[in-house]
Amino acid sequence: MSTLTIAQIEEALDVTCDTVIRNEKYFSDLDGLAGDGDFGTSLATGFKVIKADLPGIDKSAIGAMLLKISMICSKHVGGSSGPIWGTGFMRAGMVSKGLTEIGHQQLTDMVGSALEGIMARGGAVRGDKTLLDALIPIHEKLQEMDGSDLGVVLAAVAQVADQAIDETRGLIAHRGRASQVGARSANTPDPGIVGIATILCDWCKHYGVDYTPQAAELNH
Amino acid sequence: MSTLTIAQIEEALDVTCDTVIRNEKYFSDLDGLAGDGDFGTSLATGFKVIKADLPGIDKSAIGAMLLKISMICSKHVGGSSGPIWGTGFMRAGMVSKGLTEIGHQQLTDMVGSALEGIMARGGAVRGDKTLLDALIPIHEKLQEMDGSDLGVVLAAVAQVADQAIDETRGLIAHRGRASQVGARSANTPDPGIVGIATILCDWCKHYGVDYTPQAAELNH
Amino acid sequence: MKKFVNDPANFVPEFMTGVLAANAGLLDGNLEFQMVKRKDRPSPNHVSIVQGSGSGHEPAHICAVGPGMLSAACQGPVFAAPPVDACYETIKAVATDAGVLVLVNNYQGDRMAWDMACEMAEAEGIKLKQFIINDDVAVQDSTWTVGRRGVAGNFFVMKACGAAAEAGADLDTVYAVAEKVNNNVRTMGVGLTSCIPPAKGDAIFDIGDDEMEVGVGIHGEPGRSREKIRAADSITQTLFDAVQSDLPYNSGDRVALMINGLGGTPPAELYVVYAKAAQLAADAGLVIARNYVGEYCTALDMVGCSLTMLKLDAELEGLLAAPAECAVRVF
Amino acid sequence: MKKFVNDPANFVPEFMTGVLAANAGLLDGNLEFQMVKRKDRPSPNHVSIVQGSGSGHEPAHICAVGPGMLSAACQGPVFAAPPVDACYETIKAVATDAGVLVLVNNYQGDRMAWDMACEMAEAEGIKLKQFIINDDVAVQDSTWTVGRRGVAGNFFVMKACGAAAEAGADLDTVYAVAEKVNNNVRTMGVGLTSCIPPAKGDAIFDIGDDEMEVGVGIHGEPGRSREKIRAADSITQTLFDAVQSDLPYNSGDRVALMINGLGGTPPAELYVVYAKAAQLAADAGLVIARNYVGEYCTALDMVGCSLTMLKLDAELEGLLAAPAECAVRVF
């Protein structure tokens, strides 16, 4: 089974920064359909700082690095995304405390810990039309797989997130600002889910993993 | 030489009320071209009260009646028109104090006294593009005539006021709100002059005096 | 029309009813003359101060009545001078042996109405003086117009005279205070939109989506120039320069600085303007002894603001610092 | 965009700079965390009170800091909860042995940010309690949303808790005051236009020229219904009925009544609404012990207003009457 090193995770984070920064306006526009139109800006504000700080950040362990990322989210990301992404990175960091490389099981645990933390933080459950509707099936998919080929794993979770966009499109949001427009949120994609899926698809591209996105928002 | 009785003056005032009330919106629209669009409303507010109060007003003398009209203007007409019309009626009333009928000379003096009062009140002179540009030539015309035929006098002053509309149209207003738009007031009629001319033309109609108005604003 | 109105013809009495209901302990009203007065005026030992103008500039003037401010005020229809009788009754309601100071913003209609009212009151033996306020630098004085307009600087005249009268100053002294404030206060405004008078129901002038009227009047009168909208700092610089260059404000001078909202601009934006204005004042070596950010003299719902600067001396600073109370309250 | 802004990305620090410059004697600021605090807090003998939310609701919250009001506040970006660190630093800046009361308007983002900040602060041994304000009757409570929103009623929570803390009450007592106010205060708003966030540059929702959003949220969230605009009295009746029917306000009850402008509505119109609301309250046998007409919790430049009614008892009436001071001043 293959492992991921700190350097590899740093690289993935750097790609993530590029994705979020490039999509600032698009993600905000998506949030404007049923929410308050700030998702892209909120997230990009934080990831611009992460992009700048990443080279100099404490890399003694994966957990230490992720805790630092969490703190940047806490300081620079406003709105719901600050606590959500901050909590996610913090919980993933707690599970990887002291580790300098991780295997498939640890990766799976990190995602599981992150989504538990986010559920506890915001009270959302599956079907509330939040990014948990991507993270929960991603976690399930990771649990099903053995992780022998990282490319296969990546393509699989990208597909799960991609599908989550269309599977939740018809739902009415029950959390966050979008929940306040009631039925008006149906037939709009959840920007948080699109965000997760976009990041995973960009990872596929970056690492040369073959995956063809399906949802319209991934081919815009 | 024919004379005017209190009853005749009351009738003319009543016709004036109808004219002002009927033209409320039109006069305001004219004021809106270069001024602040309140001339019709300001004047009509007062003349509605005059119309209602006229039957019961003190008619022991022409002066007493006009003083009462002046007081109604003071109470109910806002903007510049309150002091201007109030001063005009008051000054006309002072000249006709105690009289129960007037001749041509007294009528001429009443107009002269009114326009002097208005000039003192607002500091305007001929050519400032105010209703004085109608009242001053009307006064001059009255001085030229002998008043043997009231119909002839009425047609003559109506024509003077009518002509004043077009003669002043190109001027830049130097008094009142319209003066604040500078050159933008050129090529708009002065609503005060149109008001005077409309009243006189309506008197012609009412008394069966033959006069065909020329200015566009009198044929709208 | 995006407004809270019933019959526009009743707009003025209706909002006055609201003001009176909200300030029953402080004010007496007489709706027949669109007038309000302090419950505790006239007082034989205190000069009374009155002002009145067209409606649509609230809190000026009926919400500026109270201890240390106006003794009484009346309102005309929206943007039209009050009827002569309203002015006369307002003077009479607070006439006192100490005298009445009549403050008038420099508009033709207001001046004529108050002139007549003052003549009537004087004819009855009421002791009074009239003072004309003209702080707006946008319109240059000229022999053939009525001259500079009175705008937000008017607040400082009311406040300083109100404090002097409250302290027992005589009529000549209070008049001298008005003169001193007016000589030392300058204002210029900018409008980003037109306002909408309730009775008209739409804008009183046209202005493009990317335009502003620099030097706009509080009735929407044109100002110095129609320009493209610029960044807040650049607009503020324009206002500050116009005000500052009109008087010798010298390095070291103590000033009061006001950013006045015209009705449709929210608090945060007024503070953006204040931040820049305060910096420009500091750069010019001026010491901002007092500041004012909010709505003092509005133009109905116009989006825009004005900048007012008053040069202080010890007397004026003391008068501005004196306690006062009016219908505008926070707590 | 008819706004006073420079780079929209700097809107929040710029208006905060203005607030700090205008209140240098009262407030200390820390722009790194978009935070302001009273110069004289923390004090070992006084509970500190903090609140913070998205920007665009000024004077809430940074202009509500001062004696008898908040001890400190922070702002997020326009309409977005403050970053967790800003909340945490705000608590820390006024932490005291007497404890900190953290007031939170009921929005998901605000709640999560303050929850995290409180956990961080408590982990460091800071004594605190958190209280959630939710006075908006427009949105019905439900098991699957975060529930009713916190809007202008929030002013009364800050004022009453501020007065209690100033008087030396302990943390449990101040918390109980917050609870009592929140249990007895109800608000509903109406929006006649959308607001325009500086960064977006245009309206956040579409609304017809003859339409209004009844029950609108202070971020432009939809309310109860989209309706045709009606006369002011009829709109006021709708707001009053919604508020009054939500609590047993009984004949003889003493109340505080607030008409809050949402940013783009001028003073005169707020008084038209107040006149009708006061009459409806009197018709219902309510005694208006205190009233508030002005801007307390805005939605940027939205044209609209909200009506808030707080049922009083002797304790609350005393707390509302206590002196207080903040960045919003008239004189």
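Letters A, B, C and D mark the chains in the order given here, with residues in each chain numbered from 1 onward.
The rule is short, and it goes like this: contacts are C-beta pairs under 8 Å (C-beta built on N, C-alpha and C of every residue); 3 or more make two chains touch, one makes a residue touch a chain.
These numbers were taken from a predicted model, which means no experiment stands behind them.
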**Q.** Each chain counted as touching subunit A and subunit D at once
**A.** none
Q) So which chains count as neighbours of both subunit A and subunit B? A) none
Q) Roughly how far is subunit C from subunit D, going centre to centre by Cα mean, in whole Å? A) 29
**Q.** Between subunit A and subunit C, centroid-to-centroid distance (C-alpha), Å
**A.** 56
Q | Intercentroid distance (Cα basis), subunit C paired with subunit B, Å | A | 33
Q | Junction residues of subunit C, two or more chains touched | A | none
Q) How would one label the connectivity among the chains shown: line, ring, star, complete, or other? A) line
Q. Can you list every touching chain pair?
A. A-D, B-C, C-D
(Q) Give the list of subunit D residues in touch with subunit A in this complex. (A) 54, 76-86, 88, 107-109, 112-113, 115-116, 139, 144-146, 149, 197, 199-200, 204, 217, 219-222
Q) Which residues of subunit C touch subunit D in the complex? A) 1-7, 11, 14-19, 21-22, 55-56, 58-59, 63, 159, 192-193, 209, 229, 231-233, 235-236, 263-275, 278-279, 291-295, 298, 300-301, 303, 305, 320, 323-324, 326, 328-331
Q: Using the touch definition up top, name the residues of subunit B that touch subunit C in the complex.
A: 32, 36-38, 41-42, 45, 71, 73-80, 82-84, 86-87, 121-123, 128, 174-177, 179-182, 184
